[in-house]
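Multiple structures are listed underneath, in C-alpha cells.
Two complexes come next, and they have one chain in common, subunit A, joined by subunit B in the first and subunit C in the second.
And now, the complex of A and B:
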C-alpha cells in the first residue's frame, strides 16, 4: 500500500514538471536569433514561403496565445508537421523512440550486469589484484568521451576485425529478426554504457566495502559461513539500495550517451533524428525530439525512484 | 553600529579557524596523494601548452603540407602525423588545448559564480528558495547533454553560444548543492548569533555564510569539470560548438571520422588528449572532494582505500 501511495505522490509531483518542460521546449524557439522563419528557411526563401511558415508556426500571434495553442495541440498528440518531411512530427517520433528505448535497454542491462558484477568482485577482493585492476579500468572508462569511444570501437571491431556490424539496427539485405538486432546492438550499447558502468562500479564498490567492514559481517564469518555466502547473501543485500540509486542516476547520462552512439553508429533512434533535424533546421522536429526524450527521462526516473524506494528498507 | 565589537570578533575568528582547516585538508588530501599531485601537475602542463602554443608548436595549426596528407605518426618533422588537410597534428593539439580547456572550464566557473548567490539567497528566504528550486526541477527533467544540445542548436553554433548553453545547463545542479549546504548552515549557532546581533541579512549571507558554503560549491565544480570538458568537446564534435578551422579537440576528433579506415590517427590522437585531460580533472576532483568530506575523512583513517574513496 505504501508503495502505491508513493507512486501516486510522485506522479502528482511530475505533472507540474512536465508542464514546465513543455514551456522550456516551447520558449527555446525564441532563442533563434533574428527572424525565426528566415533563419529556418534560409536566405533564398521568398516572401510567400516565409508567410506560410510564420502562419504554420503561429509566429504572427502573441507569445502567450502561441503557447496556449501549441500546448492544446500537444495534449492531443499533435506536435505539428516536420518542416523537412512535411508529415506530422508525432508519426516520425514513435518508431524512433522505440528504437532508442531498445538501445537504452541494452545499455542499461550492461550497466546493471557489469556495474554489479565488477563492484562485488572488487569489494570482495578489497585491495587485491582484481580490485586494483577494476579500480584502474573504471577510472579510465569514466574519463572516455563517448563519441571517441564509439569511433575507437567502430574502428577496432568493425573495420579492423570485422566482428560486429557498425551501422544501423539490421542488415541491409533481408533486414529483421532478433538475432540481427542483438548482433547490431553490442557495440553501440557498450559505447553508451561504458562510463556509466565505471561510475556505478566505483560507488557501489565503495558502499560494499563499507558494508563488509561492519561488525555483523564479522559475526557471519565467525559463525563459519563461507566467504561467498557472506558477501553475496549478507553483504550485497545492504548495498542494493545504493546500487539502485546510482543506477537510476545513470539514466540521464545514458540518454546523453545514446544521442552520440546513435549518431556514430547510424542507429535510427531519437538522437540520430535530433541530429538530422538540427542539420535541416527542422524546428518542430527538434522540439518534438527533445520533448520525447524529456518525457521518457522523467518516467524513467520515476520508475527508478520506485525501485530505490522498494529496496531501501531503512527509509521505509 | 548595531553589532558590537565583541560579536564581530567572535564570528570572524571562528571563520578564520574554519577556513584554515579546509585549506589544511585540501593541502593534505590533494598534496599527499601522489596520483592527485601528478594529475594536478598534468593540468598545469596542459595549461602551459595552451599559453605557449604559438611559441612551442612546430607549425601554424592551419598551415597545409599538402604532400604529406594523412601521413601517420612518426613522419619526419611531424611526430604525431598529418591530418586530411595536411595540417600538423601536434601543432593543432597544442593550439587546441586552450580552446578545449576554455570551453570546459569557463562554463563551470560562470555556473558557480551564478549559483552561489542564487543558492544562498534561496536558502535564506525559504519561500523564494522553494520557487527557485521548483523552477530548477524543470531543468533536471532534461538529460544534461540533451538540454545543452537543444539550447546550442537554437542559439546557433559558436563558442560563446555553447558556453551560454552549458552555463544554463549547469547552474541548477550547482545551485542545488549550494542550497543544500546553506540550508544546513543557517541552523548553526554562529548564524543564530549573527542574527541575534542584528547583522544585516546580506552581511550574514555573503560575509558569514559564504566561505563555509562556497567550499561545497567549489568541490562540486571541480568534480564535474571532467564531464563538462567531455560535453563541450561533444558539442563541438556535433558542429554545435567551436567552429572549424579553429583547432579544438572535439572538432579534430570529428574531422577524422571520414578518414577512419585509412588514417585512424586523425581521430584517435585528439580523443586520447581529451581522455587524459578529463582523467586528470577527475583525479584532482576526487581528491579534493575526499579531502573536504568529513565522512570520507573518517573512512580514510579507518581503512584507507586507495584511489577511490
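And now, the complex of A and C:
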C-alpha cells in the first residue's frame, strides 16, 4: 500500500473516533454532579434567578437537543463562550494548544534523543556497567511522580543554582524571544519527558539486544566489521521500527503528561487551562480542552503510525 | 581467543560514549548561558512588580465578576460612589470613604440618598464621569429593559440593590437613589465586591465594545488602567497618571498579576525573584521563606470557618449535643498548631471585620469534661457516630482537611466518632445548596463579609434548601425578624444591637458553630515596601513600591 493510501485510510478511520470523542466529552460533563448556574451566579443568587439563567444557557433542554446544538456549532468552529471569562473558547484555546505543543515537542526531542542514545549505549554494552547504570536510572525515572521530580528540579536548578527560571514560558517583565523560551522549557521538558525516556529506552534496548544476538550480526562481526559499524549500521537499523513505534506512542502520552507538568511550572498550556477551568466549573472551556487533547492524541497516533509504516519496509 | 572476537573493541564505544557526554555538556552550558542573558535584562526593567495569586482571574466586567480573587484586580481599575479604605491596614473594620461621590446626604426617612459626584474625573478612555454615567451603570445593573443590561448582575448583586426603588439624575453632578425601605448598610454594601460589584464602567466603552466585548476592554476610573490580559497567563495593569486621588496614586508603573495555583511553585518563584509578591504561602513554608529574607505580611481576614449543623439529624437535633460539640473544640490549640498561628479562635456567628463583631463574645468555652457530661445528660453517655462532609476549599483556603482531622480528634475525646468525606469546592457548594444530606452531621465553609448580608444567606429561614446556604435547615422566626430589623435600623448602634441579639439566639440554639478566623497571609520580596493588609478579602496595591 502506498504511503498516501495508507494515510488516507487512517484518516478515514479517525473520523468516527473523533465523533465518538465529542459524544463522550459532551456526556461526561452532564454526568458530573453540579450546577453551572449556581457557580456562575454565586452564593447570593435565589432560585428564580438560577432558573432564569439555566433557561438562558439552554440547560433545561433535553440532552439530545443540547448535544445536537453543541455539535452543530462545534463543526462550525464555535466552541461557545467561556463561562468564566465570557470570551470565545476557541480564542483562549488556540494559543494554549500551541503552548502545550511547544512543551510536548521539547519533551519529544528529549525522549527521542535520550531514548535512542541511552538504549543504544545500553544494548551495545549489554550487562556491562553502562548498561546496568542506564537500566537502573531508567527504572528510577519511570517511577518518579511528575510533581515530585518537577519540584525537586525547580528547587535545585531554579532556586539553589539559579540556572533556570521557575515558571511560565517567557520572562514576565520583558517577555519574548526564542532564547527565553528555550531557557524556560528545559526543566518542564525534562520533567515531562522523564518517564517516557525510561519507557523508550527500556523497550528499544530490549529490541536492540535481541537484534544484536541475531546470527547475521555474528556474521557481520565475523566479517571483521567494526563494532561501531555493526551496532549502528546493522543493529540499530533493524530496531528502528520498534523505536518509532514506542516513540510515537509517547506523542499522545506526553501531551497527557504536560497537563501535570504545566501546573507545576505554570506553563500556560492546555493542562493549566483545563485545571483552572475545572476549578471554575467552566463547562464549555473544559469541553474545549478535553476535545483538543483528544484531537492531538488521535493525530499524534496517526503521525506515528505513518512513520512506522514508512520505516517498516516489510509492510509495504 | 575465540571469545575475544565477540568483545567490542574498546575504542569505538568509548568514542560513542564521550560523544554523547560532550553533546549533553554543550547543551547544558548553552542553556545556562541563555539563562544568564535573560536574567539580567529582567532586572533592568523599571518599576514593575509581579504579583502571584492563588488562581487565574475571572471576568473583567465588575457587574458580572464573581470571585474574590478577580476583585483584587478589578477594585484597582473600577471605582464606585464609595470605597472601603484598605490603605491603612491593621485590624479595624475598613472605613467607608468617598470615591466617585465626594459626599452624600441621607434623607430623614433614610430612604433617599443624594450623591454629590466628584467633578473632573475621567474614565480611562477619556469619557467624563457624571450623573449620566452613574445612571448608565445603574441601568446596566438593575434595569432589565436596558439595552446594555447585564443579566448576571441581577442575581449576583441582589443583596446590594434589594431595597432599591428608583434612581434619577438630578443635575450633571448630582445623583439620587431612592430605597423602598431604609437599609442601615446601604452605603457599606455599595463598596461590595467579589460577588458582583456596583462599580462604574465607561458608558462609551460599553456602547463601543458591547456587553461581552467589554471583558477585553475594562475601562474604569481607578488608579490603575487595564493594559493586557492573556487568560491563564497574566493580567497587566499600569499606573493611571491622571488619577484624581493624589493619596492613592500608584507608586509603581506597572503590575503584572499571575495566577499560580500550585503553592510550592508560587513560593519558589518568589524565592528565585521571578515574582515579587505572593498570596497564601503554605503555613509550613513560612519559616523557610523568612530564612530566605522574604517578608511575611499578615492580618486577620473576615473569613471565618463555621460548622453548619444538620438540625434534621436525630442526634444533633438535641441542643445539648450541639452545645457539647461546641465545648469539645479546642480552638486555641487548633489556631496555634493546626493553622500554625495564622488564625484566631472564633466564637459566635458575627465575624471579625463585620458589623457587630464582639471580641469578648463566647458561645461556649472549651471543656471536654463538661461536654461529656452534657452528652450523657442528652442520653449519649457513650457518644455516637456521625459524618462530616468537607471540602478542600478554594485557593486561599489552607489545609482544610487538617481542620477536619483536628475536629475529628476533638470529637473523639468526648466519645463522638466522626468520619470525614472530602469534596471539591464546586460540588461542595452544590451540596450546601441541596442541604446537608442524611447521615451527615456537619458541613463547613469559610465565610464572612464586612457587611452582614451573608447572614441573610445563611441564617434566614428563606435561605433553606433548595436555596443557598442555610444548609442545616435552621428555622427561627425571631432571627428572621431581627435580621430585617437590623437592615431597617435607624442607626449603627441599633443595627449592632439587633445583630448581637441574633448572635445570642444562634448561640442559644447552637445551630452554627464557628471555630476560627483565618489570617490573610502574603509573602513579599525584601525589596517590596508599603504593602499593608486590611481585614478584607482583597488588597490595595496603590501604596506598594519596589526598592531598586
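Observations
Rule of thumb we're sticking to: the second predicted complex is superposed on the first by the 294 of 316 C-alpha atoms of A that agree within 3 Å, B and C clash if a C-alpha of one lies under 4 Å from a C-alpha of the other, contacts with A are read in each partner's own complex, and residues count from 1 in each chain.
As a working rule, contacts are C-beta pairs under 8 Å (C-beta built on N, C-alpha and C of every residue); 3 or more make two chains touch, one makes a residue touch a chain.
In this text the structure is predicted, and so the values were computed from the model without any measurement.
Contacts of A:275 after superposition: both subunit B and subunit C are touched.
Contact with neither subunit B nor subunit C is seen for A:234 once the two complexes are overlaid on the shared chain.
When the two complexes are overlaid on their common chain A, residue A:290 makes contact with subunit B while staying clear of subunit C. In the superposition on chain A, contact of A:263 is made with both subunit B and subunit C.
Shared-chain residue A:152: touches subunit B; no touch with subunit C. In the superposition on chain A, A:135 makes contact with subunit B only, not with subunit C. In the superposition on chain A, A:84 makes contact with subunit C only, not with subunit B. Within the superposed three-chain model, A:171 lies in touch with subunit C and out of touch with subunit B [touch as defined at top]. Which of subunit B and subunit C touches more residues of subunit A: that partner is C.
Under the contact criterion defined above, the residues of subunit A that touch both subunit B in one complex and subunit C in the other are 33, 151, 154-155, 159, 263, 275, 279.
Per the touch definition, subunit A reaches subunit B in the complex via residues 16-18, 20-21, 23-25, 28-29, 31-33, 126-127, 132, 135-136, 139-140, 142-148, 151-152, 154-155, 159, 202, 205-206, 209-210, 213, 251-253, 255-257, 259-260, 263, 274-275, 278-279, 283, 286, 290, 293-294, 297-298. The touching residues of subunit A, counted against subunit C in their complex, run 33-35, 38-47, 49-50, 52-53, 56, 81-82, 84-87, 92, 95-96, 117, 120-121, 124-125, 130, 151, 154-155, 158-159, 162-168, 171-174, 177, 179-180, 182-183, 186, 218, 221-222, 226-228, 263-266, 268, 272-273, 275-276, 279-281.
Of all residues in subunit B, those touching subunit A in their complex are 134-135, 137-139, 141-146, 149-151, 153-156, 226, 230-231, 233-234, 237-240, 250, 253-254, 256-257, 260-261, 264, 267-268, 270-271, 274-276, 278-279, 282-283, 299, 302-303, 305-309. By the touch rule above, subunit C contacts subunit A in their complex via residues 5-6, 8-9, 12-13, 15-17, 20, 31-32, 34-35, 37-39, 41-42, 44-45, 48, 50, 55-56, 58-59, 61, 64, 66, 151-152, 154-159, 195-196, 212, 215-216, 230-234, 256, 258-262, 264-265, 268-269, 271-272, 274-275, 394-395, 425-427, 429-430, 433, 453-454, 457, 466-469.
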